[in-house]
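We just call them A, B, C and D in the order they show up, numbering each chain from 1.
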Amino acid sequence: MANSKFEYVRLFEQPDQLLPNTWVVVRIDGRGFTKFATKYAFEKPNDKRALELMNAAARAVMTELPDITIAYGVSDEYSFVFHKSCTLFERRASKLVSTIVSTFTGYYVHLWSAHFPDSPLSPPLPSFDGRAVCYPSIQNLRDYMSWRQVDCHINNLYNTTFWALIQLGGMGHTEAEQLLKGTYAADKNEILFSRFSINYNNEPEMYKKGSVVFRDYELVEPGTHDVAKEVEDMVEPVQQSKTQHENDKKRRAKARILVEHLDIIKDDFWDRRPWLLSGKPGKIPKEP
Amino acid sequence: MANSKFEYVRLFEQPDQLLPNTWVVVRIDGRGFTKFATKYAFEKPNDKRALELMNAAARAVMTELPDITIAYGVSDEYSFVFHKSCTLFERRASKLVSTIVSTFTGYYVHLWSAHFPDSPLSPPLPSFDGRAVCYPSIQNLRDYMSWRQVDCHINNLYNTTFWALIQLGGMGHTEAEQLLKGTYAADKNEILFSRFSINYNNEPEMYKKGSVVFRDYELVEPGTHDVAKEVEDMVEPVQQSKTQHENDKKRRAKARILVEHLDIIKDDFWDRRPWLLSGKPGKIPKEP
Amino acid sequence: MANSKFEYVRLFEQPDQLLPNTWVVVRIDGRGFTKFATKYAFEKPNDKRALELMNAAARAVMTELPDITIAYGVSDEYSFVFHKSCTLFERRASKLVSTIVSTFTGYYVHLWSAHFPDSPLSPPLPSFDGRAVCYPSIQNLRDYMSWRQVDCHINNLYNTTFWALIQLGGMGHTEAEQLLKGTYAADKNEILFSRFSINYNNEPEMYKKGSVVFRDYELVEPGTHDVAKEVEDMVEPVQQSKTQHENDKKRRAKARILVEHLDIIKDDFWDRRPWLLSGKPGKIPKEP
Amino acid sequence: MANSKFEYVRLFEQPDQLLPNTWVVVRIDGRGFTKFATKYAFEKPNDKRALELMNAAARAVMTELPDITIAYGVSDEYSFVFHKSCTLFERRASKLVSTIVSTFTGYYVHLWSAHFPDSPLSPPLPSFDGRAVCYPSIQNLRDYMSWRQVDCHINNLYNTTFWALIQLGGMGHTEAEQLLKGTYAADKNEILFSRFSINYNNEPEMYKKGSVVFRDYELVEPGTHDVAKEVEDMVEPVQQSKTQHENDKKRRAKARILVEHLDIIKDDFWDRRPWLLSGKPGKIPKEP
């Protein structure tokens, strides 16, 4: 029995390959997480357990998809970056997005009980949506990453002050909102310090900077590599021999995946880790 | 501190709305499920627990996303259909696909232990990818559904015979493959019956027909509704008043979601359930 | 000398096939035609020569591209319709749009001197831009056509009244504009009639209805064909044998291409010309 | 009379903006030019009049669309390049492609009689199709340009030899084809020289190199500008003040548009004309 009569329906599938030689960012966001956070009584302004669960899921995604070179997470969102030379799934947008969203969600649900041992999950379960965006140049990519980290900073300073006014200052939500309207960063720092003796600089790095996930190789002296030049010279979608590709894959598999809370806006972070932009694995650090 | 310097990166997001007034099918597929099935020792040719877990996850997806009108699953794949008038997420492809994939995966992982109590999940976890396809006419949509069900039939007949030759006939994989090469459906039925006294018609419906998931309303006498005409007359992306929309939503929420194993190729299935194509909820059946 | 080193750049071409089984409308618009009309002293509110030049160019486009089933023009715009089963250029949007725009422009420039014998063209030359839009159902397509014809009517009634006030009533532009602000159709008819003894109904059909271009076959009694049903049953992108295709092509080539000024909003126009929606050429009328 | 009932059809128009910060190449190709060339008895292997008509049309396109920074033509094709920072028509693909195709065709038809005074155009008229492709990096763009110029060289060497064998050597088409099968460049040079005393190097530059169209500013010493760096630092779709934009526009309008036949594969061409990649107009050369 052939299936030919109906098979024409395959012709309706439309291609969705992303432009070659561009950086692909897949950003996922928690769906309805305000409600979800209330249901499981997430602490305000930051719930350490929830953030660490996000980070654990992101680390698992990077382990299963070695093509991801770096990821950045804040609150209920995570951005995963594929190198501009990446050809995973022929760069089909729906494959890339759905695979990341699915893998992330699977681990989020699976690891939940380890992070929230006292609050078993019940329907409706947490879920995430996602989208892919292409960035043509390193500068565009870095600006995207900076955009997310600046956003993290702005939101966290606001939230830290807002919840201090409520939790420590006894204000109502509307009152606190009203007080913060139109304030600058300096004002919020001042409120925290003068009213509650909180030095914002001493807040946990994970809250202030978000979380960066990447493979751990030996750091490099800044200024010794012109990665930008090297990377702009890569022009073709695939430029590696198969052997080279396999070698790189092995080195990536061997590398530890770190979750850190660093400044990714300044050059230093990128200069010392040239593998992030070059896409070529660095040296595995010796065991101490 | 404003975020304006980097915010331009948002301009790189490209719209991906699906054409209005077309049926949207989101199909998801298990990633690497051959390996996954081996790891958890799925029974061959069909693992009842695994299929029921798929169905339970699909039912959960339909509960959380009432805009889905019907779903069809076979093996490690599931197709979810949005009515052509649906405007969920402004019909953005990545939102629709990622939300379904995420919700499905979440439930698959969450419900795993209920279906496989003796095999706890361990990394790498199961995951799914997905894509959205638009079908302009009812006939195209029904042909898509028929395509999947014919595929189910072809594969299941093959697999049933193949594994009978191996499990009951003591053949090796290559030998069984060789024997089945070029055979027709009738030949396979004959092999099953003459060698193993298996009447393929008596195989479980879930294996032969796959699983159809839909809301349960009162069945209708075929021939009393011209749904096709009615549906072709719907032309705009949104054609409902807000009240009507809310009423429909409530009736959908009240309806039981059934998982059945029926022929969806013939007209009868669709004629008796006009709500599937009209998108308008039917009458809630009285309690028995 | 091989060209392999640079050939990778072809990979950056992204597919742009339009969804199968949908009606494709390519609409072209004059670029900067207000200025162009001033340069060549087009008559206001309608320049017969300019409209007839548009029609001549559209007729030439339809002669060169027999896949176009109907076209509709008003002012400096023209819409060309490809049947939903059309597979010309594999339905690639840029090919369809650019070919129509190019052919139309070529004839517009070439035929200019026949329509404007006293005003030779000089740079900057007239040009057109275009875009393709898909319509899934007959109703969507007819609503598109109706939208353009209603627009023609609204604009022409306004312009006729506006220019009567100026040319016959001696008003200034601003004064006329002010007077017409907020008026209804009935008001404009009244102004035309009471002030200038113009009965709008007696205005030329080309100005009131725009121009419809189509192939001439024998008209059919309304009610004898259920074209809509027939057309919805066409589901595949290609459904013809090669012989049938060639026969149809010949009949299309033989048919005269008419430019008429008819109501295309009501059913009658479509009912009497079933070939427009069926895509199947009708009977060539006998010579009188 | 409002037009609201039908206006919903506008929702079916789908956006087609090209990715920001990428170089946009619009390539147009003559449709059916083999037949067209025969109809008007184009000389073989190159018709000087036909090529000069192509160049005149391209120059007109660049005059009317100052956003185009460079164009390259060979045979019946022309590629027009928009700078990566260009925001013309909001970077909508169909607008960019259709405007270029239309303008080009208009001039091709309009200027025909000046180039072919003895062969008046008659239907079917010449027409062109077009498509837009995005290139993320300067290297990709230059590789595209090199690809076209290498193609020009390969084809022209082949055609020159092929037609020499026929026109001077008295061979038939098949015989000439057979003889050239599998030959290298050196072989063809040898055939030309030994059999017909033709030194390929002395062939006209327009035939060997194609035609490059660009604005004329003062040349720059190679090595004094790091344009590549400068250009990669441009990241946003629009990065100019309005005054700057207007100034640039004026300088572009003042610049002469040259049609030359130069090597665009080597760095020298680009190094001496930094305005091509920087997008910033250079100095207008003093009158001699």
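Throughout what follows, a residue touches a chain if its C-beta (ideal position, glycine included) is under 8 Å from a C-beta of that chain, and two chains touch if they have at least 3 such contacts.
Fair warning: this is a prediction, and the values are worked out from it, not measured in the lab.
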- Using the touch definition from the top, list the chains contacting both chain B and chain D. A, C
- Which chains contact both chain B and chain C? A, D
- Longest centre-to-centre distance from chain C, chain (CA-based): A
- Query: Looking at A-B and A-D, which one has the bigger number of contacting C-beta pairs?
  - Reply: A-B
- Item | Fitted rotation between chain C and its twin chain D in degrees, CA, nearest 5 | 180
- Provide the C-alpha centroid distance between chain A and chain B, rounded to the nearest whole angstrom. 31
- Message: Taking the mean of the CA coordinates per chain, how far is chain A from chain C in Å?
- Response: 50
- Task: Between chain A and chain D, tell me the centre distance in angstrom, where each centre is the average of that chain's C-alpha atoms.
- Result: 43
- Message: Give the residues of chain C touching no fewer than two other chains, as numbers and ranges.
- Response: 8, 12, 14, 19-21, 134-135, 140, 143, 235
- Note on the structure: The residues of chain D that touch chain A in their complex are 19-22, 84, 134-140, 143, 228, 232-233, 235
- In the complex, go through chain A and note every residue touching chain B. 1, 3, 5-10, 12-14, 16, 28, 31, 60, 63-64, 92-95, 97-99, 101-110, 121, 123-135, 140, 143-144, 146-147, 150-151, 153-154, 184-185
- Task: Within their complex, state which residues of chain A touch chain C.
- Result: 8, 11-12, 14-15, 17, 19-21, 235-237
